[in-house]
Amino acid sequence: MIDKRVDTLEAALDGFGDGASVLVNGFGGAGVPFALIKAIENSSATDLTLILNSARFVDGFAPRIFADRRVSKIICTAARSRGPDTANYEQQWLDGYLEIEMVPQGTFAERIRAGGAGIPAFFTPTGAGTELGDGKEVREYDGKHCVLEHAIIADFAIMRAARADRWGNVRFRGAQGNFGLAMAMAAGTTIVETDDPGDDPIPPEDIHIPGIYVDRVLKHEDMSPANAGGI
Amino acid sequence: MQPLTRHQIAWRAAQDLLEGSYVNLGLGLPVLVANYKPDDRDLMFHSENGIVGVGPLASENEEDPDFVDAGSQKITLSLGAALFDSTQAFAMIRGGHLDVTLLGGFEVSQTGDLANWDAKMTHKGQLVGGAMDLVTGAKNVRVTMQHTTKTGAPRLVERCSYPLTGVGTVDRIYTDLAVVDVTSDGFLVREMIAELSRDALQEKSGATLAFAKDCTTLDAPKL
Amino acid sequence: MIDKRVDTLEAALDGFGDGASVLVNGFGGAGVPFALIKAIENSSATDLTLILNSARFVDGFAPRIFADRRVSKIICTAARSRGPDTANYEQQWLDGYLEIEMVPQGTFAERIRAGGAGIPAFFTPTGAGTELGDGKEVREYDGKHCVLEHAIIADFAIMRAARADRWGNVRFRGAQGNFGLAMAMAAGTTIVETDDPGDDPIPPEDIHIPGIYVDRVLKHEDMSPANAGGI
Amino acid sequence: MQPLTRHQIAWRAAQDLLEGSYVNLGLGLPVLVANYKPDDRDLMFHSENGIVGVGPLASENEEDPDFVDAGSQKITLSLGAALFDSTQAFAMIRGGHLDVTLLGGFEVSQTGDLANWDAKMTHKGQLVGGAMDLVTGAKNVRVTMQHTTKTGAPRLVERCSYPLTGVGTVDRIYTDLAVVDVTSDGFLVREMIAELSRDALQEKSGATLAFAKDCTTLDAPKL
């Protein structure tokens, strides 16, 4: 019987270790898998690649991931901490220890989807003529300069959702979804934490991520700090 | 009239939003625009984290951490709202489905280049977000900004000095002093505040300004 | 007040005429806008381009579209009629009057989505090394030959859905959805026929096509023949 | 044992589907495979019109025109099914999320090319459907076909004579006479029916066959 539910954080993160690349869902606090992020912080895995919209919420919630220099690379759309100070990860970037690949948010989402959809590369006008387009192949379509962008895939994707069933089908609430679908598509192993891994299947027309993309469902309380959006 | 306040700039930008249009409001001044939506306009506000139909900010007892906009503000939804994932949110932007994007800016060039993403801070990380997608994809790109920097340097320029967000796509600029279109011939002033001469406005600008034949007074209610 | 509902087939097809390109949803009878197809048959518009999964159901339900030689081009994944006979459109193709562009179904869906998502071109391994890849630019990614495919856009998209609201938000039932979302994204004007253009908005998390992609909603009874899948 | 019937070929192919796998069954013989799913296997059947979790065909009083598979058959859904649009259905295929695709074939070459889409009918239009996507994208590509044509010509060949569906991707072939893997060294017979000699099987094949050390008897229950 298909049952993707796992009971523990350990089982959820089975196979996670040094050198792993992880797609982390979340935007403004919504859809952030805080329990799984905490578990990654509590692991000893190093040389990690984090692929996520903004580095800030990981740094705010699980600072040891950066403090212990366990991240080698971040692919993101936002790497600026709040306030005037320099965050740990910013300093590591300034020092040349941590690589940060800055990607326009639409290109970020689309590159991840492409990774999950078997599209190795695509052209887009976004970024053409800017520093983020530098060094990329350019072609003109319909009078617009377009840059060639490449797919992103990763070992793991982690996200939080309102609901998931034993087939791995996922339903989000509000703005939880954000990068979740694309990330689930692009990961070797996709892990969803939820308060509600119920026994009833989610109705087929109400599903936001089909279970074929999801490998593990973990029941876990939401560990979101109250002001997660501001982390 | 004095230079417009931030809220008055937002009010002025709001007047140009047509009935039924889909609009993305950037962080900072642009999000204020929603407050000044004319009563007779039904607008749908888009947020790049996956919402069409962003409503007013949530009051304290309405706040729900799953309902946030791209600025991490707790929001409500308006009637007819739709929720979807980021690939859809950006397909809307990049596929030309958004009628208007309103963004903040550091500089706009006379050919419509926008610089608004990288302030070249020496001790901070970078942040691009959805700005490059918005400025490249939306049907109509409008920028709100102060006409000059705090030190009086112009923000309407021949060529941007800051890293570009997009090339040649800005349509209109709302500043505290003027409403300026970017045309194929460069900057064209449509409206300017009353107490300023054309020469004075030109002096505060880094590229040649033309003035529309029907250039009118930029006015806004007290807010 | 935003209200995309229109009352008549004429209003639904306003602007439709000679030379129009039309994306037509439908697969196995589900999601097929039979009323709108019939209205196109009843119009005098000629030199049409039809972009749809299979030419068969249009020919079966609205044969005059082809009989009157009003279609110049079909972009599709299936152009074979049932049975041993040669259908009208097949004969026109054999005679060189009608152009048929045959596209693998996944590439078909993805090209339409690309058209709606502002992606002018993308690489895919599907079709590489086959007749349908002939003449296309080829590049190797990850050891696989990939062909460069280009976006499809069109003047109109038409589809049937279980439900649509006045904001143009759409909800499908069962397998109605198929190409509908991609087609709505890729069309200048998207028209949805439905039995249920209710006054209540579809709940935000239950929407299959966000209304931003939809221009007109037409209330119309389902004109599907009982055996539509077999047409 | 006689050559396998179509249903027996389907039965044999069904035995190789592993617990929990996601499987697409092509038109014709492959869809019969669902009927012979071993009782101890929980499988999810994918249909390229937007379904994971295709269940049994609908009985007459269950028929619903909105619930059809890619072969236009009226179907039911199995527990845990998901419905989605075609771009998702093919992202699953093309992105390598499908464990197995089972397709019919005209010919398979010793390097794993498949020809199954264009029979070069002179008076009919073409039909490609999702075959090229499936054969290119699925993790494991399996073909069911008669070992030879009606006129006795081989379908396992050095090079396909019909237009290709995909290049070098077929993993396994189920025929009425044998189960044959396509390896980097060409065809490898894993199982063959009892009453046939290796020479006789070779004679019915258009390319050199190797025989696995543990080559066993292809057997199937009466169906």
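Per-chain numbering from 1; labels A, B, C and D assigned in written order.
We adopt the following convention: contacts are C-beta pairs under 8 Å (C-beta built on N, C-alpha and C of every residue); 3 or more make two chains touch, one makes a residue touch a chain.
Since this is a predicted model, take the numbers as computed values, not measurements.
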Worksheet, complete the sentence: chain C and chain D share contacts with A
Worksheet entry | Chain pair showing more contacts of the two, B-C and A-B | A-B
Practice prompt. Provide the C-alpha centroid distance between chain A and chain D, rounded to the nearest whole angstrom.
Written response: 36
Practice prompt. Compute the distance, rounded to whole Å, between the mean C-alpha positions of chain A and chain B.
Written response: 29
Item to complete: Determine the centre-to-centre distance between chain B and chain D, using the mean Cα coordinates as centres, and give it in whole Å.
Response: 56
Discussion item. Using the touch definition from the top, which residues of chain D touch two or more other chains?
Written reply: 83-84, 87, 90, 93-94, 137
Discussion item. Can you pull out the residues of chain A that are in contact with at least two other chains?
Written reply: 110, 113, 117-119, 124-126, 172-174, 205, 208
Discussion item. On the basis of the stated criterion, which chains touch which? Give every pair.
Written reply: A-B, A-C, A-D, B-C, C-D
Discussion item. Applying the document's contact rule, which stretches of chain D touch chain C when the two form their complex?
Written reply: 47-51, 64-74, 83-87, 89-90, 93-94, 113, 118, 121, 123-133, 136-137, 163-167
Discussion item. Help me check something: in the complex, which residues belonging to chain B touch chain C?
Written reply: 20, 22, 42, 44, 46, 52-53, 77, 79-84, 87-88, 90-98, 137
Worksheet item: Which chain C residues qualify as touching chain D in the complex?
Response: 27-31, 54-55, 77-81, 86-87, 89-90, 93-94, 100, 102-107, 109-110, 113, 124-132, 145, 162, 172-182, 208, 224, 226, 228-230
Worksheet entry | Contact set on chain A toward chain D in their complex | 1-2, 113, 115-119, 165-167, 169, 185-186, 201, 204-205, 207, 210-213
Discussion item. Under the stated contact criterion, what part of chain A meets chain C in this complex?
Written reply: 110, 114, 117-126, 139, 141-142, 144, 146, 171-174, 205-206, 208
